[in-house]
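These are the structures, in structure tokens.
You will see chain A twice below: alongside chain B first, and alongside chain C after that.
Up next, the complex of A and B:
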């Protein structure tokens, strides 16, 4: 133990024998660690905020449906005849943060044209309370809670149908009893999703009107959409199936995953580049001390002793740098949790469109605890790699004459 | 007899036919209390002989013995350990570790030997007193003159009370007065504690003080002189 303490003291003093050089190494390592921690927190918080923004508009955190409503392989395909009721939802607390929807593929017919769209019947009260769909109505008004047979539709869809606010569109579809469903709806507003595809394909009406069109029972619906974003796990309810947003819109999930993975890849590259620079500095430092290593060997220090002293030196360098790096990274993350970053800074103020929707997120950072050990661990790994060559050189050194 | 070299030679194969001898046919016995100098011009092979005795290099032929066995059969690690246990070293350029204090520099080989803390302290204080540097323990090498640094180097070599102290040109970097003081110190340590010294030198003042002078030329001992 005492010998180890002596070794530790020897290594510590060697670490600081060229203070400027050591400071530069500590600074580069700690700033890199700090930046990577900040960057990972940014990517993670950004993903969360983007998803929150995206999901709160329309998609929700998850949906409960009849087990066979969506096709497992392709959630874009659904069976309209598979309905559910409130009685099936055993966890009644879910209703507080959920909204019921009825979905019907229909034809909308204007004066000159008829187009196929997906019309969704929504509970206007709870949508106004839970979702942010109303924010996308840029012309006209959102559906009125007490209204009937009102419709809001995508801006581009309205242009193609050549319909105006206050005008009427004919809706033609297939009712659940097999009959042809058709009715007239009054256009109340246009949805603007920032030019995304959804503007061409979506239309919304009151859920009661949709039920009436589809000849559904009063308590029947297709989806119970959860808007509480803190729901991490999916509920398990017999006779129903919960679909996470990742299953329903996998392309968005893949994009988010790509951003997260890409951030890690960039982090690894940053560390790799810094490690190469560090390895170079260490090699120069060790070469400068080769005569000293020889003297140590002559005095009776085995090569392993010298190697241990170098390892300890680099370990201490790493520990100091990682502590500083974590502090720097945490300070920057905390700062951005008070002063959120507007993602439009990175798009020259242009709108960000995801999954056909425009999102304008302010990214408020949330520190992720695991990054504070994952990043130092990764840096230590590369630090260890950068030590391999200098250590082999020290261990294999045989020219140790006086 | 502490160390013995029998027919030791060391050559470097420059080409198939060209061998350069650093040491040739060396037969040498070193006994307790010997005060010996290897003398010769630069490149004569005296440092090679010193390195062979220390086990820092292995001979191309012949054998080197110590009471503990045949040094030439030891592995690199064993030779390092053997050096630590039985030898002390004094370098021309002192080779003090700049990050350690005087006390810690002297302590260094004792730490490697795992001596108890109390014994380390006693031995370091004793060694410092012997070289006239009592009270200098907390200083760093850069705070000392060349002569003082060489004294620390001597203290480091004697603190473990080794069987043999090898000194490579110990006075070469010192001014005349300091060199003379260092030579006196060597002599005193040899006489007072029967410490065994083998010097590599061409300093005439040191040569005049030793008991045995081995003249080396082209790697061979060409003359032995007893004083």
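Up next, the complex of A and C:
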């Protein structure tokens, strides 16, 4: 124990021999650790915020449907004949944060064109309460809860069909009893998705109107869309299937995953570069003390003792740097939780379009606990790697010297 | 440029570098590696952005589109313009060889298998073949020809859903120029496999004669168009094309105007690269600053001695400058060799990211997201490489020399 304490003291004093140099090493290590923690928190919060912004507009966190409603291999394909009812949903608590939807692939016919769209029958009250679809209505009004056969449609779709607010469009489709479904709907508002694809392909009406068009039973619907964003888990309900947003919009999930992976790669690169530089500095520092090592050797210190002292020196340097790095990273993260970062910084001020919708995410940072041990661990790993070569050189010289 | 004194100092600088080969190697290697990684990321994103651009352009969008005004606003096809010889000449004058005048009619099909929306394109087959490789992607049957009056070519995805084969007839519903709902029978001449599933499901091709008969209810006897998509090398000639084709009946749009979602993806990627460059630059600077400073501080006694012997500060700066030049040369050479080797291989083999897509064919904004990215290696990356190294090395050496000479000043 005493010899260890001596070793500790010896290494500690060595650190203070060239304080400026030590400070620069600590600074570069701690800034790197701080930056990586900040960057990972940024990537994580960014992904979550973007998805929250995107999912809360319309898509929801997950959907409960008949197990065969969506095709497993391609969730863009669905079977409209597969319906569900409230009785099948055993966990009644889900209804508080969910909304029922009926989907109808139909043709909308205006003055000049007939275009295919996905018309969705929605429960207006709960959509107003849970989703942010209403915010995208920039012209006209959202559907009225008590109304009937009203329709809101994408701005671009309305331009293509040449329809005006208050005008009518003919809806033509196929009812679930096999008959031709057609009716006239009054245009109430236009959705603005900033030029995204969904402006061309989406329309909404009251759920009762959609049921009437498709000749469905009063309690039947296709999707129960969940808007509770606070959980990650999916419910297991017999006779139904929960589809997470990742399954329903895999293109968005993949894009988000790519940015997350890229952030980790950048982090590893930064640590690698820092480690190389550190190895270089350590080599110079160790060889500066060559004569001193020789003297220690003559006084009876073994080569391993010298190696241990150097290891301890670097460990102390690492620990101090990591503590500082975590503090710096956390401080920067906390700052950005009060002053969110606008992702439009990365797009020259252009709005981000995802899955056919415009989103304007202000990323409010949330610290993720695991990064505060993962990053120091990763840095220590590379620090240990960067020590190998200098130590080998020191040990070799020791052998030659004695 | 190099007189005897400079040659001597140059040699002196080279020997100084060689004196601590290991350390010089480490400094050079750190810089080379960092620069290699930074430029590789640039090449990777250049490749990915290029692939995105190519995929969007190949959805019959082209790099640019000359659109008739009302079509540009609302995709109203009822005001087609004649494709005249003067316009063909204008395309040639601009060096544009791949273009396709098209009439665009929105249509739909209904069958027991379901409903589908179609974009019916009335093309000039010869021009279209030159513009896009759809005709080369015919998997069964034939592509339409100019004289065809009732044929249609559809995508493989649409054919699979509705179980169509060449020779089958399909009923196409649409509204004609008068707005009247019409249903017409067309014969499937061929099935193509091209671009993405959503493209194959949506785009169908007919001849100009057919579309005139269907939409205008008469054969006008001339080539009409709502839009003319055309190819170019990239979007750099945007302003030139816009002014060349400027008139009150048409407008030029780029693929970025037509597919804003993927345009923003590219902007976002560019933003990420800039951010990455700044971070790597700062990291490498902080990393090599100390070793370089230590190398110069180590030489302090000998610099002092040289100073006493009459060597002026200007010469120390010269030695530093020659050291920087040589270090830049060696680091730049190492990075360039690494880059050329790795990128030459990877631009052929690609970098596989399919694990990220869980084996699914994923499409976004009408294009298939690529699982294998082919980094693009271009000469300007070598300029970026050297520029980056020059900046990092010069800054670090200047700082180290300045600090050492200041110390020398104090001892005088």
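FYI, the second predicted complex is superposed on the first by the 397 of 402 C-alpha atoms of A that agree within 3 Å, B and C clash if a C-alpha of one lies under 4 Å from a C-alpha of the other, contacts with A are read in each partner's own complex, and residues count from 1 in each chain.
The rule is short, and it goes like this: contacts are C-beta pairs under 8 Å (C-beta built on N, C-alpha and C of every residue); 3 or more make two chains touch, one makes a residue touch a chain.
Bear in mind that the values here come from a model prediction, so they are computed numbers and not experimental data.
Student: Look at A:292 in the shared chain and tell me whether it touches chain B only, chain C only, both, or neither; answer first, second, both or neither.
Tutor: First partner only, chain B.
Student: Examine A:45 and indicate which partner it touches, taking first as chain B and second as chain C; both and neither are also allowed.
Tutor: neither
Student: May I ask you to decide whether A:174 touches chain B, chain C, both, or neither, giving the answer as first, second, both or neither?
Tutor: second
Student: So, A:281: does it touch chain B (first), chain C (second), both, or neither?
Tutor: In the superposed model, A:281 contacts chain C only, not chain B.
Student: Pick one for A:300: touches chain B only (first), chain C only (second), both, or neither.
Tutor: First partner only.
Student: Look at the residues of chain A and decide whether chain B or chain C touches more of them.
Tutor: Counted on chain A, the partner with more touching residues turns out to be C.
Student: Just chain B (first), just chain C (second), both, or neither: which does A:258 touch?
Tutor: second
Student: Does the superposition put A:162 against chain B (first), chain C (second), both, or neither?
Tutor: So A:162 only meets chain C here.
Student: Quick check on the superposed pair: does A:206 touch chain B, chain C, both, or neither? Answer first, second, both or neither.
Tutor: Neither partner.
Student: Pick one for A:14: touches chain B only (first), chain C only (second), both, or neither.
Tutor: first
Student: What residues on chain B touch chain A, complex-wise?
Tutor: 47, 50-51, 54, 56-57, 76-77, 80-81, 83-85, 89, 91, 95, 97-100, 104, 107-109, 111-114, 117, 156, 166, 168
Student: Spell out the part of chain C that touches chain A in their complex, as residue ranges.
Tutor: 22-23, 26-27, 29-30, 33-34, 37, 73-76, 78, 106-108, 110, 114-117, 173-175, 179, 181, 260-261, 263-265, 267-268, 271-272, 275-276, 279-280, 283-284, 286-291, 294-295, 298, 353, 356-358, 360, 362-366, 369
Student: Please give the residue numbers of chain A that touch chain B in the complex, ascending.
Tutor: 2-3, 6, 9-10, 13-14, 17, 291-292, 295-303, 305, 398, 400-402
Student: Which of the residues in chain A end up touching chain C in this complex?
Tutor: 21, 24-25, 27-28, 31-32, 35, 105-107, 109, 111-116, 159-160, 162, 173-174, 194-197, 250-252, 254-255, 257-259, 261-262, 266, 269-270, 272-274, 276-281, 283-285, 288, 343, 345-348, 350-356
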